[in-house]
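In the two assemblies presented below, chain A is common to both, partnered first by chain B and then by chain C.
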Partner chain A sequence: MTEKKPTPLLDNLEAGPWPSFVKELKKSAKSPMVQDLLGVLERSYEDKMGHWKHGGLVGVRGYGGGVIGRYNELAREFPDAAEFHTVRINQPAGWFYTSDVIRTLCDIWERHGSGLTNFHGATGDIIFLGARTSEIEAVFGELIEAGFDLGGSGSCLRTPSCCCGMARCEWACYDTMALTYDLTQTFQDELHRPSFPYKFKIKSSGCPNDCVAAIARADLSIIGTWRDDIQVDRTAVTQYAAGGQIDIAADVVARCPAGCMTWDGRSIGIDNESCVRCMHCINAMPKALAPGKDRGATVLVGGKATILGGALLSSVLVPFLRMEPPYDDLKELIRAIWDLWGDHGKNRERVGEFIQRIGLGNFLEQIGLDPQPEMVAQPRTNPYISYEPKEGRP
Partner chain B sequence: MCPAPAKRKTDIGAPHYDKFLPPIIKRNYGNWRHHELPRPGVVVHVAESGDKLYSVRAGSPRLLSIETLRLFAAIADEFSDGYLRFTSRNNVEFLLADPAKVDPLIARLKQEGYPVGGTGASITNIVHTQGWVHCNSAASDASGVVKSVMDELLPYFESMTLPARLRIAFACCLNMCGAVHCSDISILGMHRRPPKINHATLAKNCEIPTTIASCPTGAVRPATVDGKPSLEIIEEQCVLCGNCCAVCPSMSLNDPGDGISIWVGGKVSNARREPMFSKLAIPYLPNNPPRWPEVVSAVKNLVEVYAAHARRFERMGEWIERIGWPRFFKLTGIEFTKHHIDDFRHAGESFKRSVHLRRPPA
Partner chain C sequence: MAQIVVGDVTIEVDEDGFIQEPEKWNVKVAQALAETEYVNELTEGHWRLVNYLREYYQKFGVAPMIRKLCKETGMKLAEIYELFPTGPAKGACKVAGLAKPTGCV
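Let's turn to the complex of A and B:
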């Protein structure tokens, strides 16, 4: 058993009203692995540097990802934290659980690992934090028996994730959880066996509020929207006007980015042709206004954080797509993107960077989509046009 | 002849969510009418059928022991028929059909040390990364900074009095696993020294051509050190992105001089203004564990200045666009420096190319 070492700096973080991660570590400190993790972390707090080494190759048989090797450079001093691998487990869509299944996961992790978890990781997986190499197969075997599988890591389809959609939200313009489950099951091979130039993330939000940050965090962002008119409950509008909690003229009409609303003190007018479907008026008056009934999603491509060539928000690829099982059009589109990017993308080049390198126009041509004005904020301003032979270029 | 081995079970995918949904959700799936926020931390969803679902939201440190997960399970058994979920910002939510249990549940959560809130115009949980707890490229600790900041900002978690929701995210390096690049306030770990190279192990650990190709600015070049093939960094060209360190284990950016930068005004929601990136407010604050007082006070200042000046429904970035960046720096007392001016690709797009200036300085 590893000797307990003092951790005065970390102990300071047990105080205060916000739930303490140090308390969580100490609750798990009957595991010698976590006891040594506390020692490693205290050292980082002393010398203001991390002590984890670059990942190594760790995994389960037949999979190319799902487990991330993590080794510590202070292994001699803290041998029980020498191997502290991460196991990514594919979460149920929408992050719903029963107490029974939470306990099942806890029991597995108590038998085979440190007892530390993340609910959830940044991509959406359940994270088991701190497994020894020798335990990985056992953890995997028990997870599979309990109905869980590994998530993605490396240059693969990362675990798709979504908002809670129709399970609880009146604004869901399509069934995000059904789509996420379907895509996850359809693309198991792409998820578990990395074969792409780099990672590929899919996130699904039910409406333009985008609660899972799909536009910023996913290579393919599927964001719910509608085509027809905003639904208006006139009685509820009157109640809002009388209630005094909201100033319809100042807080709703004046804040409409499209300037498409009017308010005469009695009724709201909306020029739905000009509406940009931003959600503000609906957010502000949820009892009175609702998205239209002709619902689907806008599909966007290329979102990512900084590394390597700078952060990108996803941009419009399909302005409106109906989201109904079996989602054949969407899957065909995804496969076309993977084929092109897989053949021509560079190592560690996200699809958003790839599109910038080859040009969105060329990308569309290759995956078989027609250019549409919805895809750009404005047409080009520079005259460097590459005319093509079919256009009579000599 | 050997019997054929039993087929290994793989690729079963995610468990179907249907198994974990409470009956009230199954009954009303896709048929919700509207929602209300009767008090901080409680969202009531009303279905077309008239059914009401009460979601009670509590803060969590994301890094959870199985002991705490079992506690959440026990609380769910006692108050919500065993049904719970987690939010995209790592809060835990208990899903109740019985309104009589809302108050006792809130009392129980507070008694166990889990604050209830994070709904509406509040500061909810800080999305964050692993930090020194578990990451090789961390320039700071995530959990320690988040804990220190949230201890200070708790009143904003437990109330709904801000002009609009205010989203804070933390990432411990430029990889931004926490997607901090589109948050109202982003706290970002920064390395400040070019990678250190372990020349003794590099030739054994790394593919030299791949490492050279990984550099976005051509700063990594081949070199022979002590007779062994290795690499060198052209320091003035290095942008500290860490991509070479990601492909070559013999290179590391970690340094005791690492610290934290603060960014403001990003959002992902399409409501009103289109989604936008966060922009630099403070280029560097020191790592000062265990409580990071410089970071805590900088974040608190930003929250307070925003709360005092923004209009209702105006997110941080929308407020700054209305008043202009010069006024933002003046109101917050933050110094504008050379580092605030972009010098990477397409830098010129952020230069001011008009004379639309609000009351120019003398």
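Let's turn to the complex of A and C:
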């Protein structure tokens, strides 16, 4: 075991009342791998540069992804952190566990790796940090035994992920967890055997609050919505008005981005045709307002965070789709996108960038969708759209 | 740095076992590399992939995208994984003596 070395620079990061990753690492410092990890990290702070090499290629038999190779260029000095690979594990939809399952996962990881975990990575996977190449197959075997599987990495379908949906949330307009499980099972090949130009993420949110931030991060965002009117409980509205905790005129009506609400001091009025599903009024008065009853999802395409190119927000592809098993329409759409992007996308070009390059019109024609007004970004301020604002509405 | 020895040839390899001196690649080296990727015998199917990868790499300086590899060799992705259990990037590219494909983030 490596001798415990002082880490004065890292120790600074433990100061203050907030959580500290250094504090967490030190809890696991009985592992020689973590001890050396701390050593490498301290050195990085001294040298003001990282000492991890870019890109290793480590994997298990039958899969092209799921493990990300990490090698340390100071292997001689920190031999226990020379190989410190990352293992991605497909999380249960909605991130529900029993404590037994978490114990099992942690036991597997203490037997075969550094013991460090990350619940959860940005994609949503469970992350095991710090694996030696020689242990990967053993970890994989035990994970399978425990009912788990690796997640996606590389130019593949990344592990689909969703909000906790109907399990906990009254706003969920469809069962996000059922959909995510179904898509994960349907697209096992695309998930484990990379064959795309670049990564492809699918995230599902039950309502426009979009708790998994699908719109900003996912190449395909499936966001719950409704087609009819917001449900209003008039008695509860009166109680909100009488309670005085919320100023309905200032806090709700005046903040409606579509300007589609009215309040006369006694009853609330909503011009549902102009509602943009921002969820603000529903969030502000949860006992009085609720999404409509005719529920489904809007499918959006092209979101991504900044990596090679700049960030993009998703834009509407299908304004309303009913979300019921077996989700054939959605799957057909996904396959059509993959076929087109797979054949014509450049290496490391996300689907959003691809659409920008070839144009939305061409994209729609190729995947067999008709253009619709909902696909226009900001229609009310778009100079090509004739729009007559009604009185008192932006 | 690690090395592999094939007959009287010694070749430097990186941490993942990719050869660092492509000019030293030959059929025997390919066979030795194949064994490190759970391939005991290089059959005609293996060579179809390896040869295509080498030709493409020599022409363009990069490995082809997976979809192109499937189309040009007429193989389904599942068949490639049957031949090279660790997949085209790790298994086939290594055996073909190509530079390591860029890692994924």
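Keep in mind that, in the parts below, the second predicted complex is superposed on the first by the 375 of 394 C-alpha atoms of A that agree within 3 Å, B and C clash if a C-alpha of one lies under 4 Å from a C-alpha of the other, contacts with A are read in each partner's own complex, and residues count from 1 in each chain.
What we mean here is this: a contact is a pair of C-beta atoms (placed from the backbone, for glycine too) under 8 Å apart; a residue touches a chain by one contact, two chains touch by 3 or more.
Keep in mind the model is a prediction, meaning the values are calculated, not measured.
When the two complexes are overlaid on their common chain A, residue A:238 makes contact with neither chain B nor chain C. When the two complexes are overlaid on their common chain A, residue A:307 makes contact with chain B and with chain C alike. In the overlay built on the shared chain, the residue A:356 is in contact with neither chain B nor chain C. Residue contacts after overlaying the shared chain place A:347 against chain B and chain C alike. Legend: residue contacts after superposition of the two complexes on their common chain; A:69 is shown touching chain C, with no touch to chain B.
In the superposition on chain A, A:194 makes contact with chain C only, not with chain B. In the superposition on chain A, contact is made by A:153 with chain C only, not with chain B. In the superposition on chain A, A:28 makes contact with chain B only, not with chain C. When the two complexes are overlaid on their common chain A, residue A:184 makes contact with chain B while staying clear of chain C.
Taken together, the two complexes place residues 54-55, 61-63, 189, 307, 347 of chain A in contact with chain B and also with chain C. Note for the complex: chain C touches chain A at residues 15-16, 18, 38, 62, 65-67, 70, 77-78, 81, 85-90, 100-105.
Interface residues of chain A, counted against chain C in their complex, comprise 54-65, 68-69, 71, 83, 133, 153-155, 189, 193-197, 199, 307, 342-343, 347. Partner chain A is touched in their complex by these residues of chain B: 8-17, 19-21, 25, 29-30, 32-36, 45, 53, 55, 59-70, 72-74, 76-77, 82-88, 90, 92, 113-115, 127, 129, 131-138, 141, 143-144, 147-148, 150-151, 154, 171, 174-182, 210, 213-214, 216, 241-243, 245-247, 249, 252, 254-256, 258, 268-275, 277, 287, 289-291, 312-313, 344-346.
Against chain B, in their complex, chain A makes its touches with residues 9-10, 12-13, 16-22, 24-25, 27-28, 37, 41, 44-45, 47-55, 61-63, 70, 84, 86, 90-103, 105-106, 109-110, 115-120, 122, 129, 144-145, 147-149, 159, 163-164, 166-170, 172, 175, 177, 181, 184-185, 188-189, 192, 208-217, 223, 250-251, 255-257, 276-280, 283-284, 286-287, 290, 305-311, 313, 347-348.
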